[in-house]
Amino acid sequence: MPSQVELCDVQKGFGERQIIKGVNLLIQPSEFIVLVGPSGCGKSTLLRMIAGLESVDTGEIRFDGAPVNDRRPAERNVGMVFQSYALYPHMTVEENVAFALKIARVDAAERRQRVDEVLDVLQLSALRNSRPSQLSGGQRQRVAIGRSIVRKPAVFLFDEPLSNLDTALRVQMRLEISRLHHRLRNTVVYVTHDQVEAMTLADRIVVLEAGTVQQIGPPLELYERPANKFVAGFLGTPQMGFLAAEAVGHGADGLSVRICASGVTLPFRGQGSRQGNVTIGIRPEDCTLCAPEQGHLAGEVLQVERLGSDTFAFVEGGGEAPVAVRVGADRDVPAGSRVGVTFDPARCHLFDDSGVTLPPHTA
Amino acid sequence: MRPQWANRGALAFLFGTPAMLGLIGFLVVPFLMAIGLTLTNQKLLSPQDTRIVGLSNYERLLGLTMIRQDSVLGVNGDTGFERVRDVTRRTPRLHGYKPLGQAEFGSTRLVLLARDPIFIQSLLNTILFAVMVVPLQCSLALALALLVNAGLPGQRLFRTVYFSPVVMSMVVVAVIWAFLFNRDLGLINQFLSWATFGKFQPVDWLGNPATAMPAIVIMSAWQGAGLQMLIFLAGLQAIPKELYDAARIDGATAFQRFLHVTLPGLSRTIAFVIIITTIAAFGLFTQVDVMTQGGPANATSTVMFYAIERGVRGQDIAYGSTITVVYFVLIATLALLQQRFFARRAGS
Amino acid sequence: MRRSPIMFSAMVLLTASCGEKPVDTRANLHLWQHQTGPEEHEANKQLIARFNAGHPDLKIHAQTIPQGSYPQSVMAAAMAGRLPCVLTVDSPMVPAFVWAGHIRPLDDLIDRNAFAEIAPAGLGRYNGHIYAVGQFDAALAIFTRRSTLAQVGARIPTVQHPWTREEFDGLLGKLKATGRWQVPLDLGTREPNPNWWTYAYSPLLQSFGGDLIDRGANQTAQGVLNGPAAQQWAVWFRSLFVNGFARRQEPDDQSLLHGRVAMAYTGNWRAPDLEKAFGKDLLILPPPDLGHGVVIGGGSWQWAISSTCKSPKEAANFIQHVIRTDEIADMASAAGMIPSTEAAAERTSRFRRGGDWRVFFDLSRAYAQQRPSTPAFTTISNAWYRAARDIMDGTNPRDSLDDAVDEIDQSIQDNGGFATVAKGKSR
Amino acid sequence: MKPPLNSKTAAQRIATYAIVLLFVVIFVSPFLFMLMASFKPNQQIFSDLSSIRAFLPVGSISLQNYRDVIGSSGIGRFALNSAFITIVTVCAGLFVNSLAAFALARLEWRGKGMVLGLIVVLLIIPLEAIAVPMMLMVAYLPTLGFEGGLSIQWSWLDTRLVQIVPFVANAFSIFFFYQAFSDIPRDFDEAAYVDGATPFQVYRHVIVPLSGTTFATVAIIQGLAAWNQYLWPVIVVPSEGARPLMVGLQQFFRFQTEWGEVMAYATLATLPVFLAFIFFQRWFVQSVMGSGVKG
């Protein structure tokens, strides 16, 4: 049975350094939760705390309402897939998968049956007598998954499971994991630094940064309504462009914001009156190129990335970083040319001095 | 910080106890006993009760002093010095001291006296052995490792051959080499004589104070180099091949590559090998016991040999223990100093 | 999973190996003997077998112990309270064993008259008691070949008229000059055993007029071991090696047999081999008279009863069996050792008057001198060994002898003069 | 494994080969001499010494020396003792030391650093330094005897036990295991813990099977030491019953100067270790090499 997992003000530090600074999270049964964040943000630590491999300094972790802080990993009924897979090199595929059952003294017949079932699901039956060293990366990954699902855990933990695979395999395994989740309906906590994995797999994404939850929500909500500049910048490729700006006054069209680099003032509807520095965030797909003198922003095209389906131009417009603009696949923009960039203020995100989205997210 | 369940104090205690009991019971306790015995006059095979004698064993072992003598007129008119032993027997303060070394300055001479000159000599012999065997054995091992690593066909076989003396009992090896070193019949003299068309004068390798220790050095290096060779081999193979390729592109000769790539790449390994070889060298015992029994004229008596000679064979347990405790202090200091030295070198 | 049965059986084996030493019971009599040559070993086995056959109520369990570590073994066993009932003791070690309380007097178990026939060298006496008794003695002699001496025209010495020092040195020079031998003499210096050095070379010192210790009270070596006579001995001893008359270390003890040397200074136990090789050409000669008469070492391995023996009567029975004339004669014949009674000698073909090896018997009776009868013997022996070896290797003889004297006197002083203390000290 | 050869000229390679072979001769000849001499009568060993014949199986070659040694010297019994001592020391040592190393390398507990420090310090105490007090000690340790019912004897002297127990726990082995275990990724343990394994199960099913080469190495090193033990048994094992092979060899060498027989004895004493080394050498070499770099 899938479990509900609850994290109540969970904190942890290593010596002086606070790694997890009070995380609250309620994971519903069968939910697929992805923890994302840059490396060192504490996401793996959090996962290991859920697994029981790390202690909890303060706060409580509850499975189905029952505190598990003092339970050993084995008593929590979790399955875990490690980044390194941690397949035992001295055991065959079958032995690796059967290991947990052997430890649990499941009788041989049932063991055999359950292992067969798992190998079958993961299409590993033909490889059952191979050793991990004889397998490809994707096969190893599947064995690692098989090993953790054979016990039918209530909660399924993945620690960056795809980071050792090449791109094509990663896509394939992503699909497999997704299919598996639909089939087994376990509660899943999945750690990655890859936002594509997060976006494609998650029911809800938890964005972590420096031990703090930045935002929790369904992928698209996070994409479209990031709670702050960090989340906005973290999700989406290429990254959202940021322009330093200044709120200059409130008019009929809304808040007037002047872009510092170009001096162009834009009206932002639905915003309260305010003064001072703000940041405008704009996604590549919401920008269009135009003649330099017509744009809200003008600058030199530093680089053009042609991905086939899309082409992105990176325009040096006087912001913190070049602003990425999605142009049609067929548009030919030479690097070094001077262009203008326009965008619809309604599609823009506005962040205050501290990076919080304006108006504060209410979701 | 690991979770509570992973704090396995009790379990670690359970797992570690058999080994720790063994180590404490058969290493720590006897060692503490040895320290305790040094303060007594415990003998083997004596019906007399053991007494506490304080530090007198240490005094007997390490006592050193110096006297100055003025020359005196001899019976037949020439000047000379009074025999040191006559002085020490006459002077209560110098009772038990024996001459260790002397230096003359015109009509005076300084004589260094020791309570136990054989111990001092054994100590010097041990240091001499280490000073000779460590460079020889380490460079031999490095040479063998380079040869084995040269990529010639059959290198595995060579590796096995060079290593094979290591697995042999030192007793067996010493018995064979004692035979090889024999003056008139030994193969070494026979070979040297053959190679120099008979010009070579046979040397009584183990019977001459000047050659006995070098002979043991040669045999020990031969016996032990294989082990260090393996360690060097590992070190060599850990040096990235790209560094050699880069050096080649830069036009470095083989010797320059050795100097600027191999040696720096091996620095940690070299430090490790030198430390273990030195510690082993200071424990020299079996070779001496089988081949020379400390002779000739104490030229091969080592600290460990002398300890067994006095402690077990001379039945003076307390004195033998004193020697081993001094030995331990020495070796521990040495190991510590070496580690410091190499650690600092590696750090800079 | 696969490991545990191995571990288990290892543990079982370990436990099972614990109880391998049987304990004394009334029917068993344990016995230790030192390691000897094969003939003597075999003779001993038969002696024990005969005794066992004659005493159905008693069984002797014999163990052979390496000679080199025999005193340590006895000491270790004594510490553990596990000395056997009967054991062999090298005669100079008897006082030390008595002093340490390892062995008990024989003369309160066996009538003293039983020992009347035994030669003095065959009795281990200390403090007025007999503690050990031997079936035989050994004697060192010069072994050479009639043809060898004839080659250089040397006189064949006799027990009454041994070689003088000048004759002996001159002979060595002549032998060396023939060029047939790299060195003419094997002195036996290859053996790294202090007791051998004492046995073999301290008689030479005595022949020079020196000694290991002042035999009066056995309290000091001063003036005896480092006196003028001892220094003369040292110079002479060293000269044998400097002049190339002897090798400091022969590769084995078969130098004479293989013709590497012209003469060998060794014991009667080598006689059978050499006789087999050289037949009538073999000469067995007394050692030279180096100024104060010929001296050879007396006293060999003897039988004793441990003080912890629980069945001393039975042990005494065995000792009495051992010194029966026929047993002594059998041992002497089988092992080529000099019988310790005249009666037994007459029963052997070799040692009776006119026998081939009678010379050993005569040498032993005429010239044998006991080693110092003191518990300090081990110290003396070790100190002497070191000094003699160093002198052989070229150290200053006076210093080396002084060192030995200091060491001996120091040890006697440390041990309170080796005064006998109350017996029965618990372990 | 092999560095590139391309830059070596033929002459250089031949020169290198010559040096390699010279060293092979230097390393092999003493053993070759031992082996050949073991087949020859005493007289011939000496007469062969001055020529290359010393290393060749020429002249009157026979197994007589071996027959004599096996027939008379008690070598069979000593070899059995040595084999027993070696096997039990190694088996018990592997278990005890690896378990302690496991506790040090893979379990969390207070005082770990201190214990590790102690073990490193113990590494440099040689047996010789403590042999005498240890002899005094083992003389009073109790063992069980079985003769005439179960009884306790207060001494370990003259037993096989005394040659085994003091050498089972070994600071070097613990340290060696510790280093090897520390290199195994933590994920393996954690995966097993998540799967419900106990620490002992992790030891038995994960760490031990993953450390085959380390076990082989420690087995060889501890086994060699046990097989070649010399000083200790000389002191504590007086009688023949429990005497090991190397002491037997030394005694034989001292009292028997038939060199052919001594060489036959030495060959017999060496053979088992040499075979074991050849058999295990791949793992052994790997493991020594693996451990050496780290220092």
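As written, the chains take the letters A, B, C and D, and residue 1 is the first residue of each chain.
One rule holds for everything that comes next: contacts are C-beta pairs under 8 Å (C-beta built on N, C-alpha and C of every residue); 3 or more make two chains touch, one makes a residue touch a chain.
Everything numeric in this text was worked out from a predicted model, so none of it was measured.
Of all chains displayed, D has the C-alpha centre closest to the centre of the whole protein C-alpha set. Set side by side, the interfaces A-D and B-D show unequal numbers of C-beta pairs in contact, with more at B-D. Among the remaining chains, A is positioned farthest from chain D, on the basis of C-alpha centroids.
Computed centre separation for the pair chain A/chain C is 91 angstrom, with centres defined by C-alpha atoms. Here the spacing of chain A and chain D, counted between their Cα centres, is 56 Å.
One finds 21 Å separating the Cα centroids of chain B and chain D. Mean C-alpha position of chain A lies 63 Å from that of chain B. Residues of chain B in contact with two or more other chains: 2, 6, 179, 185, 312. Within chain D, residues 46, 136, 235, 259 each touch two or more of the remaining chains. Looking at chain A, residues 52-53, 72-73 sit in touch with two or more other chains.
Of all the residues in chain D, the ones that touch chain A in their complex are 185, 187-188, 190-197, 201, 205-206, 209-210, 212.
Chain C makes touch with chain D in their complex at residues 1, 3, 6-7, 10-11, 13-15, 17-23, 25, 32, 35, 37-38, 63-70, 72-74, 76-77, 79-82, 251-254, 258. Only residues 71-72, 75, 78, 96, 99-101, 182, 192, 194, 247-249, 251, 378-379, 382, 389-390, 392-395, 399, 402-403, 406, 410, 414-416, 421, 423, 425 of chain C touch chain B when the two sit together in their complex. Listed in rising order, the residues of chain A touching chain D in the complex are 51-53, 72-74, 78-80, 82-86, 88-91, 99-100, 103-104, 147-148, 151. Contact residues on chain D toward chain C in their complex (touch as defined above): 42-43, 46, 72, 84, 87-88, 91-92, 95, 135-136, 139-140, 143-148, 151, 153-155, 157-161, 164, 204, 208, 234-236, 238-242, 247, 251, 254-255, 257-259.
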